[in-house]
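Below is one structure, written out as structure tokens; comments come after it.
Labels run A, B, C and D following the written order; every chain starts at residue 1.
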Amino acid sequence: METEVFSTEFWQAFAPEMVLVVGLVLLFIIPNLGEAKFRVPLTKVRIPWLFGGRRFKSTGSPALPGMLGTATLFVALGMMVIETIDGGLSTTTVTSGDVTLLQIDAFSRFFEIIFLAAILMASMASLDRVPAHTFKGNKSLEEMYDNRRQADLYILMLTTALGMCMVALSQDLFVLFVGLELASLATYILVAFHKESKAGAESGVKYFIVGSVASGIGLYGLSLLYLEFGSLQLSTLSANWADGSILATIALGLVLVGFGFKVSAAPFHFAAPDAYAGANSPIAGVLATASKAMGMIGLIRILLVIALPDTGTDGSAIWIYTLATLSVVTMTWGNIAALGSTNPKRMLAYSSVAHAGYMMAALTAVGAWHWGHVEAPADYAEAIVAAILFHLFVLVAFKLGAFLVLGLLEMEGGASRLSALSGLARRDPLIGTSMFIFMLALAGVPPLAGFMSKFLVIASIVSTSVGDQWVNGSISFSDLHWVWWLALAMFINSAISVFYYLRIGVVMFLDIPEEGRRKPLPYGASIRMAIWICLVATIILGLSADTLIDMCYRAAESLKLA
Amino acid sequence: MSESGIIDYAVLIPLLPMLAFPVILFLGKMFNGTPTWVKNVKEGGIIALTVMGASLLLALLVIKEHMHHVGTANIFTWFESSWWNPETGAITTKVFGVGVYIDHLTVMLLFVAAFLCFLINIFSIGYMNTDPINDNRNHRFYAEFVLFCSGMLGMVLADSFLWLFIFWELMGLCSYLLIGFYYERPSAAYAAKKAFLTTRVGDVFLVIGLIMLWNLFQPYAGTQGALSYAVVFDPANIAKVNPGDLQIALGMMFIGAVGKSAQFPLHVWLPDAMEGPTPVSALIHAATMVNAGLYLVARMFPFFSGAELGALSTLAIVIACIGGITAVMAALIAFVQMDLKKVLAYSTMSQLAYIFTGLGSALWFANNGYEELAAFAMGASLFHLFNHAMAKGMLFMASGSVIHEMHHAHHEVAHHGHDDDHGDDHDDHHDDHFDAQSMENMGGLASRMPITATAMFFGSMSIIGIPLIGGFWSKEGIISSAWQVARKEPVFLLPAMLVLIGAGMTGFYMSRMWFMTFAGKPKTEVAEKVHEQTAWIPIPLVILTFMTLGAFILAGMHAGHWLGDFNNGHYSNFFDGIGYELEHVFMNHDMFLFILTYVAIGLSLILGPSLAMSLYGGSLDDGQKAKPWMQWAISLSAKVNSKSNFDNSAWANSSLSESLHKRLHFDDIYDAAMLKIVVGFANLSAIFDSKVIDGVIKTIESTSQEVSRRVRSLTTGSARDYIMMATLGTLVIFMLLWGVA
Amino acid sequence: MIDPAWVSGLAAILFIIGLWGAFSRKNAIVVLMCIELMLNAVNLQFVAAASHWGDVTGWVYAVFAIAIAAGEVAIGLAIFLSMYGQHETISLDEVNLLKN
Amino acid sequence: MLVGGLLVVVAGLMAFFPSLGDSDTTVDWISIPLVGFPIIISAILLAFASQESRSRKEILAAPIRLFTLCASLIPLAISTALFFDWLIMVDWDLMYNEYALQKEYLWIESIGVSWHVGMDGLSFPMVWLTTFLVPVTIIMTWNEKDGATYHPLLLMMGGALIGVFVALDLFLFYVFWELTLIPMFFLILKWGGKDRRYAAQKFFIYTFCASVIMLLGLITLYFLQPEGNGSQYGTVTGRTFDMTVLFSNASAYNMGDNVFLGKDMQYVLFAMLMIGFLVKLPAVPFHTWLPDAHVQAPTGGSMLLAGVMLKMGAYGMLRIPIAIFPDALIFYQDIIMAIGLISLVWGAVVCLGQTNLKRMVAYSSVSHMGVILLGIASMQPIGYAAALFMMFAHGIISPMLFAVCGAFKHHYHSMEIGSMRGMARWSPFLAVYMMFAWMASLGLPLLAGFVAELMVLIAYWPEYGWWILLPGFVLAITAAYYLWSMQRTIFEGGDEGQPPESLNGETPPDITLSENIGMIILAIFTVIFGIFPFIALGMMDEWTVAFFEGVFKKGGI
């Protein structure tokens, strides 16, 4: 279905995103409602203006923005999920003139669900992690400050969500980039949200500067692409890619850098550990999941949709060696660095780097799609994309879950040392066990979701390397495509990774809680709820992954790679 | 093949004692120390005795039934497994069965084992239950004892080499347990370990030999999998296998027999085995278990008679040589032993060696087509086995009796020497270093222990080979057989010579033992107080004395011939028989054998004993009178001693004597090899394992931490560096893209 | 009319200068300016390409890029301010508590 | 007992539950009663117990322990009943690639994963062994501290282990394969010795690394099989993880001109799978995790680790790579033999150089596991049956070895050989059990370990001839280290004895009643399977014959 911007169908199709917009606007407005009156000029008539002035007690409550933001996210997510599960999802394209701007399909909806789910968890956690204070008596000024701060936080979250949705929906690279910038700018502030602490401010600065440079590079790449092809429409670029000159290749490299930063691929990942360490844990969790997924969309769009050789040609994609190198370096770097890291947040950051490497390895395999004798049908590429989608989805469950547990620890003061976790399983067995399960999932221990995702990623790589050679009868080892070695590299890396994941478990179960952490954990109903949701998802998605795999396949099919 | 009859119950012979094992152990643990248990059941001794009696009875019935025909019975299928022939792809199921096989060999050993075990049981009730050191642990002794008997009986009854080996090992275990009965003594613990390990070395070769044998016969065995005698003794099958391989397999098995029968070079465990409860475990190791090796070699006879002529004679020669060497070596060491039991132990080794030489001759004959001679040699060897078992059993029990009474006497002496309270005398009894087993402390016991002395007297005579008594019949046969072979095969001169010399040496050390112990004046105060007490001890001594003396009856009944080939000699008239035997021994028509006989008799009867008399003889105390059948010997010894009391200090101080005291250094060398080489190597391996093999893992770990540190140090913390890295990354991307484009 | 190729060349030079400046200068504000320089190169490139293709979309892209740049400056300055509040410096080299 | 009865009813109900709504109306005796039930029960108990406070835990320990014991008896009852046909007639006389009590439920349809379980002569003895060992272990470690969580973990371990053995789906197999690590990791981590942190991590990481390589092999194999249609095949991938399908495909293509996979492909995949199994076995030089894990693990952990977990490696080898890549087996035959020999000899020699009792026993396990490799390399049904029986017999003997070590540690607070003398004086029972276990382990006839060793040697000779001297040497060395260690613990000490210094002059006690019961059960079964090996060997022999008919005979190698 095609629709013009702002047509009736447009509003219907974009109802969930509109919910976000409405929520955003409400968050702007509601905290500011007050007793301000507008004096009609030259008269003494004061008309209640309701905007500004002494804030109403009810609307000015510091707790309100959090609830509003969370509710908004929840509603939007709910609408999307219902729509997807109902099968009521139809491909809707938004055009403006001859330019295709946005498109709702299984792929974009899938990512939107990832984003909203991650941000919803983070916002639920933030309700406790950045608590709204209650004020007794006449402290309206402090109350207003707190309210402002709360409103800021959730506005930024919703903005991030909106920007990310835009990335998922866009059919034009520039639109994609605008969305990316929207989300990025919001996350820069979120990272620096703890401006009262040195670490918070520092991490914000670093994340901002490196991110800006990376997006500058990416934008420059886009401009070169525009120069080469005269359009940034995905369809146009994809159709004309084969005719591109060297300029297109340069542009591809530059754009890769832009997205590489988002997925935190080595060597563009340096700011990520610092940012994660300085930011609130829930925010860091969003960076590690949603933000990474956003970068992944970019990579999929640019590498798979645009820069893939057409069916029927002989030869693999131009970027295959580049991406193979990047992926191996990334996963190895991430794992090696995490191996000795004693800060759990940095460790998770490095592990998230490693996970980016895994996904890039899978992307690499798609590049081998038409390589020589590996004559793989299109569903091989779809299988890989589906595996990546699965991985991104379940990351929300266990990586974010791990960050949320750290968030719970931060509530009692910092989680930047491994010893903060010590004895967690004794202080709170359920949380400790949850954390251990998240760690096992990250390490890829069956039957958890993390195993399934790694399994699917590897299986898809292997399947591409094998191709459909069975018809040839006896296959010898040299007939396999070299991307098989990427699978091996992944395996070796996951083996390394077990070491540091397990260390967390050991610390939690074996060590004695450090001074000042002998008491039970702070309660935090909603952050615990978020953790439990993550826990359940980690287990359920591992045990019965079928539904999600189907979803992923539908999403991958809607990319129409073939 | 199976037949019904008494043989169906033969399985009970080993089974009953085996079942008694847990029963005694359990009851002992339950009722330990209660009066009924101690007084009436003799701490399990009566249970054991009952069971052994039943076994003996059954054994006698079986023997009666199967004196002259082979009996077999299947009991159950142990397990089945399959064999795949890679050439044909056929898969055959092999049945590993359990069964009973009885022929003359079995019958003889079955009798020896059941009979001796029964007697030993009686003896141990007398010996073990009166020694306070054994209080509250005799049930363990009896349990282990019956299990041991079960092993021995099972071994001789087994119908396959596999089950022979299984019971063989069971005996090994029990010997380990019995030697280590006094677990708190380091020497006992050491001896137990040594015995098990040394025999284990032999057993390893036995297993390898069995496995080679299994694979040799496997193609012809059909579904038979258990090395059953029916398969491997089938001449048709033996003819088919490669004799060279067969010889190696049998050689391997022979090494097992060497270990079990304490032959050179695996003999070191036997003297130490005397650490077991005196003298019962020693008796087991001397009179029964060591016969297992002989039994195994005797069992090989069909291979030698069935295989290609001359193909296996090398092995026969090796067996005989090992026998000959051990015979002389053990006899030499026995010269200098002061411990009563050790002398007997070395004597055992030496006599077993005789039997090996005899068996070697028999096997050589069998393999070279001399059937009659083979049967004769075989018969002589097995008859010697029988005689030796009876005599040695008696000797050990007698020595046990001596030691036991010495203990008691010492106890009394020490007790009277002290005035303090009675309760602790059990303890101080261990504190002083009186050696109740040393012959230096004995002397003149002939009058004080008449029954024991008599038993010892005839036992020794039997071992020496005094004409007409016990071992004489068989020993002559062995020596003459060996020389018979030597006439045909010059290499055999070595064992033949050695056994001949050994005969004289036997005469010396056995006489030495007897005279040192029973003749002369008591050398210590303790020896004066010795007297016989328990009724349980003399019974077996008396019985065995008659068994030994009665050997000539058996000889007259052509036992030797029957043992060589059981279709022989069973209905010959006794007087004809004894006449035939006497004629053959003393007036052989073959001049060579005639001379040989008298040389042997001369050596063993005249030279050995007279030398011993001259050194150790002497009359008893005044007023003491030995029984008349011994008195003449004592008087003679006193005369010889006084006539020619030559000085042997030069010999005693020689380096040979020194090394004989050190048992020719075998133990030292083995210990050194074990501790220095094997354990040293093991310790090095353990270090290698943890430092190198595990070290690799640990290095990977530490290296990865170091690499991690270095990688992380690239994250400098400065945003500028991050941008720089990103830019460099961009350049790398360009390079890689260009490389492809 | 100037050949768009020259403009592209200028854009490329600007971009490289911006990038160079971004990692060679310590002062956060200067780095921000360098980033702006990079974005301006992008703008220039878009405009040049638009004129090359005769396509109005490129201009729209440029306008959006300017807006993004403006947003970045606003946010960047705010973040720098908070950094100055905490660290009392705007030298990027001196802000390295978080590392390894 | 009421609890026990209730549990029986529940288990019975659960056995029927999965068959509801299934066209196949036969009762599923495996999924829930043997696998699901222990895991679920223990998970519930753990979740329940871990929430309690420390003092409440101590009160709760006794009922939970009893409950766990009762729960663990149910799988034992069921597996025993299945063997003796008490519940239903089970035909254990199976052809190759046939399984008794098969059940299959679709799980992840898109990639062809199903919950497919079944048993044959290879897996059933191991299943029974596991069901047998879990209650014995629980009894044996009755007084372990923190019983409220300890014993449920043992139960969970048992469920996961059974899962490995009954899985007929590669994916399911791998899931259970890794699942077993987790309870064991906790057992070592929470109840282990001084260096438990290091040992637990090493155990986990070492075996995990290896099995990850194995997984890559499995996945590659998965995509190398021909696509097919059917309920087992994945809707998306068109391939299946179902072992039975793989086996029948493999045996249909193998060994003829129509080759299933190229030779070098087979070699690579075989090697990858074997790495996972060899580390688990463990074979030298991948064995160093084992001594550390054993020395640090608590008694119960060690018992299950040595008793069943090591056999997973051998089981996996026989189940997967050999069945699918017989060509590769022939190619690697000599290498496997060499690894087996090295394990055998090296394990034994290192044993002799150990001063820690438990470490020595651990190395003896390495040595014994080498026997299994020799059996596999022998290429004879009798060798394979020997490997199977070795797995089984060692599965009874080695828990006893570790039970003895555990009791020794428990009562003497020391593991050093030679730190004391004359144990027989104070702890006659322990001394007897120790001697029994040691003797069983050194292969004394009429105890379970002997048969397997004998059979392996029989099968070994035609292929490798005089190399047999090395196993022979090991037989002697094994006796040496066991006897030497006994000499320095049970024996000697004079009339007073020498208690270890670690006791500070207290009189060492004898073992407790529960330890006594646990060990006597193990001892009895060691004797039973030594004297009547056919009970287990019959099934194993049938399996090996079927296996050779199905795998090797086809091509007539």
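Criterion: a residue touches a chain if its C-beta (ideal position, glycine included) is under 8 Å from a C-beta of that chain, and two chains touch if they have at least 3 such contacts.
The model shown is predicted, which means the values in this text are computed figures rather than measured ones.
For the criterion of most C-beta pairs in contact, the winning chain pair is B-D. Relative to the whole-protein C-alpha centroid, the nearest chain centroid is that of D. Between chain B and chain D the centroid-to-centroid distance comes to 40 Å (mean Cα coordinates, whole Å). Mean C-alpha positions place chain A and chain B at a centre distance of 81 Å. Averaging C-alpha coordinates per chain places the centre of chain A 43 Å away from that of chain D.
Chain B and chain C have Cα centroids lying 98 Å from one another. Shown for chain C are the residues that touch two or more other chains, namely 19, 22, 31, 92, 95-100.
None of the residues of chain D touches two or more other chains. Under the contact definition stated at the top, the residues of chain A that touch 2 or more other chains are 205-206, 209, 213, 217, 273-274, 341, 499. Pairs of chains in mutual contact: A-B, A-C, A-D, B-C, B-D.
On the side of chain A, the complex with chain D involves touching residues 379, 383, 429-430, 433, 440, 443-447, 451, 455-456, 458-459, 462-463, 466, 468, 470, 473-480, 484, 487-488, 491-492, 494-495, 498-499, 502-503, 505-506, 509-510, 544-546, 549-550, 553. Those residues of chain A that touch chain B in the shared complex are 205-206, 209-210, 213-214, 217, 246, 249-250, 252-254, 256-257, 260-261, 266-268, 270-271, 273-274, 318-322, 325-326, 333, 336-341, 496, 499.
Across the interface of their complex, chain A is touched by residues 50-51, 107-111, 174-175, 178-179, 181-182, 185-186, 189-190, 196-197, 200-201, 204-205, 208-209, 212-213, 215-216, 219-220, 222-227, 236-237, 258-265, 267-268 of chain D. By the touch rule above, chain B contacts chain C in their complex via residues 712-713, 715-721, 723-724, 727.
Contact residues of chain A toward chain C in the complex are 99, 174, 178, 181, 185, 188-189, 192, 195-206, 208-209, 212-213, 216-217, 219-220, 222-224, 226-227, 230-232, 273-274, 277-278, 341, 346.
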